[in-house]
């Protein structure tokens, strides 16, 4: 019985995958899509993927699936999750980087993606705000939903999506502008402030939230590139917050920083999860254990195991996870 | 704002004013994209106009029209003892009017004779001098048409110009009777259009129908030879020194600034240098490929040095370390290991430098390398010469209409050479290893 | 004679190589397995060859440079006094060139005076002597070098180090050729200009409002001094350069933006070679294109609009020069944009910026120094560009900023003043060098400024 469901699900997924590849191939990844949200009619077109999703045994409902666990109260049911992904495959040209990943990501919590380098965790993260669109040869197939909405659907505007899903990168990348302008960049392009006072307010709030305000309030006009590494990264976090996103994706945000700066960033992540859904990629297991509520372990492009952090670290289900956590490879 | 720092305000992205703004932003993005595409299409379009207009005016010059006549090579006219003094003009005249017996009037005859090129008697003479056994016989031979009729055959100029009541006979064709005579020749099948070998075999001439590029091509070749002999070894040596051996100090820094600056000094200034230094001071012969090549080698040197340095710095240091590690000296390392790896990049740079030198005009004008060379045989490194670009300039300046087509054809030949050189460079770059500059 | 001397030196050098190689090789073989020699025999050979070749070649070069002027000077002393009396420098030059022509075996128009034919014979004889003297002079240091170097060769002689030191020197000399070239440019332009400023005051040249050099061609015209004020010439240059930049900068910049940020890699693979080809077209071709295609078309079009345009207007020259500059600006802007780190692009896109916003607000400001330095280089090229303006712009200097009128440029004047003229001392010829000096200094300033910007810019991202 179990086997049968799995098979049909698998078949449906590959079918959906095939469709996805075509649509992905058609658009020239330039982000020049029509202002999608303006024409919701397109959505009425029957999309087989919606049905496939229903047929899948969803995480947290019905049969538990290998590696996907439902015991975080209210955290992992499809309807409660910020992101629901099913059967995600990612290709770089001919090479497949992600294999059939299905993962739920809860809101207002920190989900850590761990695994050895090159395992596809960053690639997966970049699917969540469609950053992979800007890479010519990258193709994403499968189903990724945010608040129940397919973010790869033709009518989704990646520009809008990225405003809602902020991102912090591995290397701090402040723009060569002043600190103020760095933070004000997002609000300005999205038109979040009607006048200067409002913008000042947004910048201050964002900098306060990123725990940077006290350090830079006297030199907002100084270039952002002049800050220390840790400060730069917090500036990038402030920059992401200023757009008032719902999700913040962090791609190894502390890997380029010293331990003290790292501790500050981790503290910050802890505070931010009150308001945001945070997904963090990290190669440091200690960091994942410290900051995350749930942990997903990737290996060679496959999702091996996912669950509450404590459980993944203390009582992993898979031997591979066990081996990785205890440092036998990776 | 009133929000306390803890509460998290969510933005309603679907609010109408937000969507309007989003649409506006996407419009701006598309505008930028279209502007970019438009810019590229403008550039490509201008290139297309350039190439097409050159093709349109230049392609006819790759064909040449001839008139086939029977020449009676009477010894009395040929003067077999000294053919140079033969009455060749008369022979051609007789042959033409033998084919046109109805033309009797002397004044008309003079006009009709202009159908045949003024070069025709000389061409016939040269032909018979090569085949002395023909003297005394009657031979059928093709001679050049004069430029206006050549153009008329190719359809470049019409028989009538102006429109409606203003329409009149094209004065360049000499009048209706002359044209009638010409049409008779055409009806008799005496006019033929052939591939224009003269364009490549003849040297310059005052007559468009006779003028060719041989002198310019030989001149350019000799000049590039000098340029290559000087700038290629010197450029590589300088680049190897700067990249592999030189200590980083103010002197080498100064050399580097100099090289970068020289790469951007206007070419006409190099011409002045050549004029003042090589011709004025050193007394080298003016107008010669030697001086031209020397001037151009000074211009090409920075290009080669920069390209060679880029190629050398693209060689992975591990190769040097490996060679030094087994006890090779610095020179052995460079000569045996680094240079061979960098060679494709160096050659690419050298070819591109040579291509640029081939197209360079202004310095050659200043050192007088636009001499009128009617004969290829006397050319040499230190003899006056002309080059392809200066030939183009001279022809472009000529008042005769026929030279417009000749100029375009010369440009097409020059562009052909450049295309071949650049394609070789691109091929080298793609065939051997990565992009080095 | 020069060829023979060079061949002789080459042969002697080859002999020197063998002369050094053979004993070293013998010693090596005799040692059979042991390391009898410090350096490989090849280096011994090269060492001797270098000692033979380099001094001889240097001597030949110096000899060749000095021979002409020295012989000319001596020749003038043999001429009868009355022949030279009252002759100006230019006339002496003409006289000398007559003697040279005669000595080269060409006929002169008319019958030359006897002292000229005599001088020609003397010249021929002296040249022969000088040739043999050069051969002997070249071979003497060669032979000395040969024996001296041979004496030093011994099994423990560090020949490799010596040869490498010599090679170091040769390569340094090649690298210093760049400095010598710059020096040559400065010296030749500067001294010829000094001679010009001896005839025309510097202030008149720099600030004079009239440029009429053609009058000065006729020295007998006392009234016609000619006017050498470079203001109108320079204004013309700036006008045409400004038109070309106004045309080329937006097109080149937007092309680069499209190529780097929007185009697919396939599109890039097609367009880039096209732009490279456009960049490789010789300027004489652009000049012809301007005269034959653009000028008539533009004139007809403007005529249709009721505007009349001079046949060789600044507009046509500027537009065609702009076409020439498009690929140049495009490729430099392309490099500048591509050098902006990917992280900045991602940072902006990740915040939900569109491509256009990323380009306008992040990439262009970050690439601005690179783009500016490219534009400066383009300006330097526009100012120094010669063939397009020689063919498409005017010769007469008008002080005007109207793009529909004909203006002339610095480079046009240089070329027209020098074509077909060898006399080195008329103000007309010398004016060309003064203009050349101005041109060199202006482009030098632009190039150095551009280089400084690039260097600082490079530091920013390294």
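Each chain gets a letter, A, B and C, in the order it is written, and its residues are counted from 1.
Here is the rule we go by: a residue touches a chain if its C-beta (ideal position, glycine included) is under 8 Å from a C-beta of that chain, and two chains touch if they have at least 3 such contacts.
Keep in mind that this is a model prediction, so the values were computed, not measured.
Chain centres here are C-alpha means, and the one lying farthest from chain C is A.
The greater number of contacting C-beta pairs, out of the two interfaces A-C and A-B, is seen for A-C.
In this assembly, the C-alpha centroid of chain B lies 20 Å from the C-alpha centroid of chain C. Note: centroid distance chain A to chain B, computed from Cα atoms, is 59 Å.
Multi-chain contact residues of chain A (touching two or more other chains): 30-32, 159-160, 163-164, 189-190.
Residue numbers of chain C whose C-beta contacts span two or more other chains: 262, 354-355, 357. Among the residues of chain B, those touching two or more other chains are numbered 25-26, 29, 33. Taken in their complex, chain A has these residues touching chain B: 30-35, 37-38, 157, 159-160, 163-164, 189-192, 198, 201-202, 205, 208-209, 244, 246, 274-276. Note for the complex: chain C touches chain A at residues 262, 264-265, 341, 343-355, 357, 361-362, 365-366, 460. Interface residues of chain A, counted against chain C in their complex, comprise 28, 30-32, 129, 131, 134, 136, 159-164, 166-167, 169, 171, 173-177, 185-186, 189-190, 236, 239-240, 243. Across the complex, chain C is touched by residues 25-26, 28-29, 31-33, 35-40, 42-44, 46-47, 49-50, 53-54, 57, 233-235, 237-238, 240-242, 245-246, 252, 254-255, 257-262, 264-270, 272-273, 275-277, 280-283, 286, 298, 301-302, 305, 329-331, 352, 355-356, 358-362, 365-366, 368, 389, 392-393, 396, 404, 407-408, 411, 414-415, 418-419, 422, 426 of chain B.
By the touch criterion given at the top, residues 1, 3, 5-6, 8-11, 13-14, 18-19, 21-23, 25-26, 29-30, 33 of chain B touch chain A in their complex.
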